[in-house]
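Heads up, the thing below is written out as structure tokens.
Each chain gets a letter, A, B, C and D, in the order it is written, and its residues are counted from 1.
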Amino acid sequence: MSLYNFLYLSSIIFTLGVIGVLVRRNVLIVLMSIELMLNAVNLNLIVFSKLWGNVVGQVFTVFVITVAAAETAVGLAIVVAIYRHKDTVNIDEVNILKW
Amino acid sequence: MAEYLWLIPTLPFIGFLINGLGGLLYKRITKKTFNRYFVSLVACGLVFISLILSTMAFVQLANMPENHKYIEQKCFNWVAAGDITTTGYYDRIPSETKQFNVEWTYFFDPLSAVMALVVCGVGFLIHVFAIGYMWDDTGFYRFFSYLNLFMFAMLTLVLSNNFIMMFLGWEGVGFCSYALIGYYFHKKSASDAGKKAFIVNRVGDYGFSVGMFLLFVTFGTFNFKELGEIIGKLPVEAHFGILSAIGILLFIGATGKSAQIPLYVWLPDAMEGPTPVSALIHAATMVTAGVYMITRSSFLYTRTHLSLEIVGFFGVMTALYAAIMGFFQRDIKKVLAYSTISQLGYMFTALGVAAFSAGIMHLMTHAFFKALLFLGAGSIITQMHHEQDMQKMGNLRKYMPITFWTMAAAYLAICGIPPFSGFFSKDEILWQAFARGHKFFYVIGLIAAIFTAFYMTRLMILTFFGKERIDPNVKEHLKESPAVMTIPLIILGILATVGGFVGLPAWLGENRFEKWLEPVFEHNYNNPVFAMHHYSHGFEMMMAGVSILAALLGFSVALYLYGKKGIVPDDEKNWGKLWKVIYNKFYVDELYDALFVNRAKDLGNALSAFDLAVIDGGVNGTAATTRGTATASSWFDKYVVDGLVNLQAWIVQTSSGILRRIQTGVIHNYALAVILGIVILSCLYIFR
Amino acid sequence: MEILGVPILNAVTYFPLIGFLVILLIPKSKETLIKIVANVTGFIGFLISLPLIINWYKPEVVNGMKNGMRYVIDVPWIRTIGARYQFGIDGISLLLVLLTTLLGFIAILSSWSAIKDRVKEYYAYMLLLQTGMLGVFMATDLFLFYVFWEVMLVPMYFLIGVWGGPRKLYAAIKFFLYTLAGSVLMLLAIIALYFKYISIYGWEHRTFSLFKFMQVGFDPQFQWWAFLAFFIGFAIKVPMFPFHTWLPDAHVEAPTAGSVILAGVLLKMGTYGFVRFSLPLFPDAMIKFTPLLMTLCVIGIIYGALVAMMQADMKKLVAYSSVSHLGMTMLGVFALTQVGIQGGVIQMINHGISTGALFLIVGIVYERRHTRLIKEYGGLSHNMPLYATIFLIMTLSSIGLPGLNGFIGEFMILQGTFARHDLRVYAILAASGVILGAAYMLWLYQRVMFGKLEKEENKKMKDLNLREVFTFVPLIILAVWIGIYPSFWLKYLKAPVKKITDIYQKKMVEKKVELNSKLKVDYKGMKRIINNNNMSEE
Amino acid sequence: MAEIIFWSLSAIALVFSFVVILAKNPVRSAIALIAVLLAFAGLYLILDSEFIAGVQILVYIGGITVLYMFVVSMMRLKRINVESQFSRQWLAAIISAIAFFVEVIYFILKGKDFFKMGMNSKIEVANGLGTVENVGKVLYGKYVLPFEIATVLLLAAIIGTVLLAKREKKEME
């Protein structure tokens, strides 16, 4: 088992997350894709932590998780608010912020 | 010694506070007026105490040595201000820098003593009389508070030791006169008369104050005593100089207060006030303030020939002129008013010939008999239900004997019939004028005496004798006035009869009055200009006989016209132009109105218009100009400056209209742009 | 001197500001509470200004004097330009400060029932105004002075503009712009002084302090211009003829309390400015301009009186009478004699008392009848005896009856002016204003109070209530006090006025404007006459 | 043994990641996400990170994902399912995503030497690397300030969430 493989895995998952964000119209799934991306990054952090035997990478992971939690909470609240106003979770329909 | 001096004026002031302020608040709180008995007790009682105190001071003064015959009591420094540089008097008195300090000091010398006694004495009697006269009036307390305030001001005037404090009294009595003339303030004529009195007096005071400024700037003090010592050492000014200027300016003040030509016009109108007021203020006391003031500054007048001549000339002319105006007045009080002006003219004549003690003596006797005449008139007026027209009187002696007899005494006094008081004083004036070489004054004075006898006789006949022309309704209730009114009449009658004996002419004995006043004029006697010519007693006696004859002449003419022929005021109208001009007082009031009052109003109107149009117009014009400029520049701003700005904005707007399409508002596009950005940047890094 | 650890001048000046803040915190709807707070602030503000006079002669206060000023506060303020926070009062300021605190309280008390809308803002502005005015009378740093000078403009603008009469906007804007135009010139002159000082002493010694400027002795040419700029600034505020036209408009439109403050205190800032700044700083220019200034004063006195006589509106009449009275005040100040300046300062106080009271008097009938036209009234003495009495006292005070305050001021001014030989003719002309003053005031009194009570509305009018009486009581007491015992107040003026006249004494000797020189020439002619006539001398 | 676990966990993660981004029904996505997260937790354990693995399970699966489920259950899914699930830009998106992926792989390969340096350094950490003790020491030691800031961030997120999700008064009535 090479630590190198972890990097490949994380880059694949990250790309999948990117594709999810760019392609899906359901805002919930967009948010979940963002979670995928964050997890990919976390994995990266931990791999390097392991590589250098330095625990700081793990500490940063904790912070990322914290931010993710906050982001999710606020994001979902926004989703709920949008849904309540526009009766949709379709991200393409929320397009008043233009011109 | 004489620690109570300050109480003499202050007691009436306390009365003013109690009655005036107290009465006002009492009425506001309880909606009731003060008890009349209480008001009269306070008002008369306090004046009576002042009278007693004055008498005590008088007695004390009489016992003092000749060379130190005055009492002074300093209360406090009234106006203590900074330094002032005096100019000095030519090269006799050098310029110096002095502290400007006016003391509040009471000063009691023989002259003040006479004045204080007259004011307190006559004032007290009139207060008592007024109780009866004003009993039914709703403003009883108000009336007495003003009367007390008047007593305060008048006593301050005569007891002051400097000009400024005197001026306080001077203006104070002026204000009381204003308030009391306008006492029946619902009558327009009354309030008009009050206002007129105040403003005409102000004109006089204008001269008075300028005179005081000049006096202080020259000599650096207002104090009578100090001024007397300084000026007493100066030579006589033969021509117009500073002293003459001061003298004339002060005399302008006196003409206002003492109703001399040209400022007499207010006094006849002042008869709108209640009769006790006319008696107290406009006959006995206030109007003589001018005489007192000039006597007080005799040290100055004896050093300026010119101003003395002017004083005498205006005095004697007033005596004559006012006597003429008194001829055909129908209002009993108006006749007395003109008579007062005329008698004041006599006093000024006396001052003009430097016979100060004669002037003061006439002041005193005049106070007695004129107050009596007014009170008698007041007694008649109350019983006639406020009828003042002599046309509606006649034969009143039957109904009002006490009034008649007392008034008769006063009548004889004013006509100058011996041994009544007026004879001694008036004759003294005429004699002094003659003896001091002023023959012109003497002749005019004599003519005025004839006229006086004429109009006074006319007044007596029309009211007390002849046919009864009384309104029947009035007649039913016609009776003698109550004791509260007649007793002052009787006392004044006695005074008017015997008052003259204090100053007997030289051919009858010693003139004690003149001797009493001697210390006041100590600075004058070394003045050779006013030396008396010496005549024998017999000649003097003969001249007195001439005076009596003059009075008899006037008497007999009046007796013939009004007694024998039975002319009544209504008939006088047939006498044509002469009557008309005299009855209308030579149209002087109309002349003054046309010359000064209306012109001042016109000027005021014109200036108001000027203020609005030109000065304010200038301000508004500036505003309008600014606004015009602003409008122009705002146009420029809008179309030129702002136009350029808008052009730029237009360019930006148009180009951005194309570019803004990028902002789709779709989140996916933005996210894609982010990713593309990362990809491109990474490519740049890789293929660097 | 300190009150609760605060230097007393700060305490006096900023106490109203505390009330102001408290009022801002009270909800709008609690009007009674706002009124109570404002009145209490006004009253305490007056009380804490009393220690100023009580402690005036205490050793520690006297020892603390700097440049003749007591209770001095002097700390750096804006270091870059050298402006200092300099407070201090001498006798002249003392009287004006006391007048301000008293009139401020009375004005607040008098508006209890007169102001019905925007109560909160009204009282807030009143208190703010109070602070501004007090600062003006205390500042001895020209920069600080200017700041306070402008601070007080704003609340007054709103007082006229919001609570005024029908033409309030016109009047408010006129007042504001006119005053501002003057004060801008003044600001220019202040800056000119500042740079002039720097050009002499260098940048390190930059300052706005009055006392530093006083020591310089600027050259006459410069004085000439600076004086002119200051003159316009102050003359508009006074207002002197021909800069007076904002005054009638502002007075007529302002609410009663606004008029009281305007007449009582704001106008005094102009006269005070002359005494405090123009006179000591520009002696040469002052001497040069004296004839012109005197002419303007005399015109103002007579002109104001004549115009006042023919006014149909009571407030306008009183406003024009102010023009006349302030002409008199300035006459005394410009006479440059001790008695004249003292009289001028006392007359400032007198004018504050009597004209302030007259505006209150007009305000009382205005509140009841909502008209100020004289012809609408008549015979009020019948149902308002107390009002009639107070009106009479204040009328007499205004026309200068001896025994009341007006006389003392007028007399001292005229005497002081008359004492200068070259100014006699002005004094004589000015004295005629006294006659006209009596004419228009008595005519007003007659038309309003005397005669029959004819109009139905007038019959219903009530006499003064207790609160209204209390607004007048202190003014009457002061009027009588100054009239009977002015020495009490004059003693505070002696030292500061002497300080000013000493400057001129020197100048006059230098310039040989010897007062008596003319007179001595006269004397020779006189002596000849006396000799020719062989007059006997003792 | 570890090799096998790694490959199987990787496979699970990959497969379920695809499910997350492709599933029509958000519920299904959410459940797939749980699977992915679990797989990740396993990978963390392999990498000696017990603490992070625990946090992963507690916070991510127990907190965040449950939150997703809640929100999903609030939506009316029927209408959502009818609509097209993919954005119009899908082609461009996938191309750029692949370009991105290629670049990432390029960078990973480029950093191979550097990576090997780490492999050879042989750093030994006592008691295992990611124990609670080790992480705690650093977290509450050197990084206590960022930690506190994170808590503030969470507080802000809570308040923001409450405010955003709160119904407006009008709607209540």
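Just so it is clear, a contact is a pair of C-beta atoms (placed from the backbone, for glycine too) under 8 Å apart; a residue touches a chain by one contact, two chains touch by 3 or more.
Bear in mind the structure is a predicted one, so any value in this text is a computation, not a measurement.
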| item | value |
| --- | --- |
| Contact-richer chain pair (by C-beta pairs counted) among B-D and A-D | A-D |
| Per-chain CA centroid nearest to the all-protein CA mean | C |
| Distance from chain D to chain C - Cα centre to Cα centre, in angstrom | 80 |
| Chain centre separation (chain B, chain D; CA means) in Å | 109 |
| Chain A and chain D: spacing of chain centres that average the CA atoms, whole Å | 6 |
| Centre distance in Å when chain A and chain C are each reduced to the mean of their C-alpha atoms | 77 |
| Multi-partner residues of chain B (at least 2 other chains) | 668, 672, 675 |
| Of all residues in chain D, the ones touching two or more other chains | 87, 89, 93, 96-97, 100 |
| Residue numbers of chain C (touch at least two other chains) | none |
| Complete list of chain pairs which touch one another | A-B, A-D, B-C, B-D |
| Chain B residues within the chain C interface of the complex | 24, 27-28, 76-88, 90-91, 95, 100, 164, 167-168, 170-172, 175, 178-179, 182, 185-186, 188, 191-192, 194-195, 198-199, 202-203, 205-206, 209-210, 212-214, 216-217, 233, 235-236, 238-239, 241, 526, 528, 600-601, 603-605, 607-608, 611, 615-616, 618-619, 623 |
| Chain A residues within the chain D interface of the complex | 1, 3-9, 11-20, 22-26, 28-29, 31-33, 35-36, 39, 42-43, 46-53, 55-56, 58-59, 61-63, 65-74, 76-81, 83-84, 88-90, 92 |
| Contacting residues of chain B [partner chain D, same complex] | 668-669, 672, 675-676, 678-679, 682-683, 686 |
| Parts of chain D lying in touch with chain B, wherever the complex brings them together | 87, 89, 92-93, 96-97, 99-100, 103, 106-107 |
| Of all residues in chain A, those that touch chain B in their complex | 18, 21-23, 25, 91-92, 94-99 |
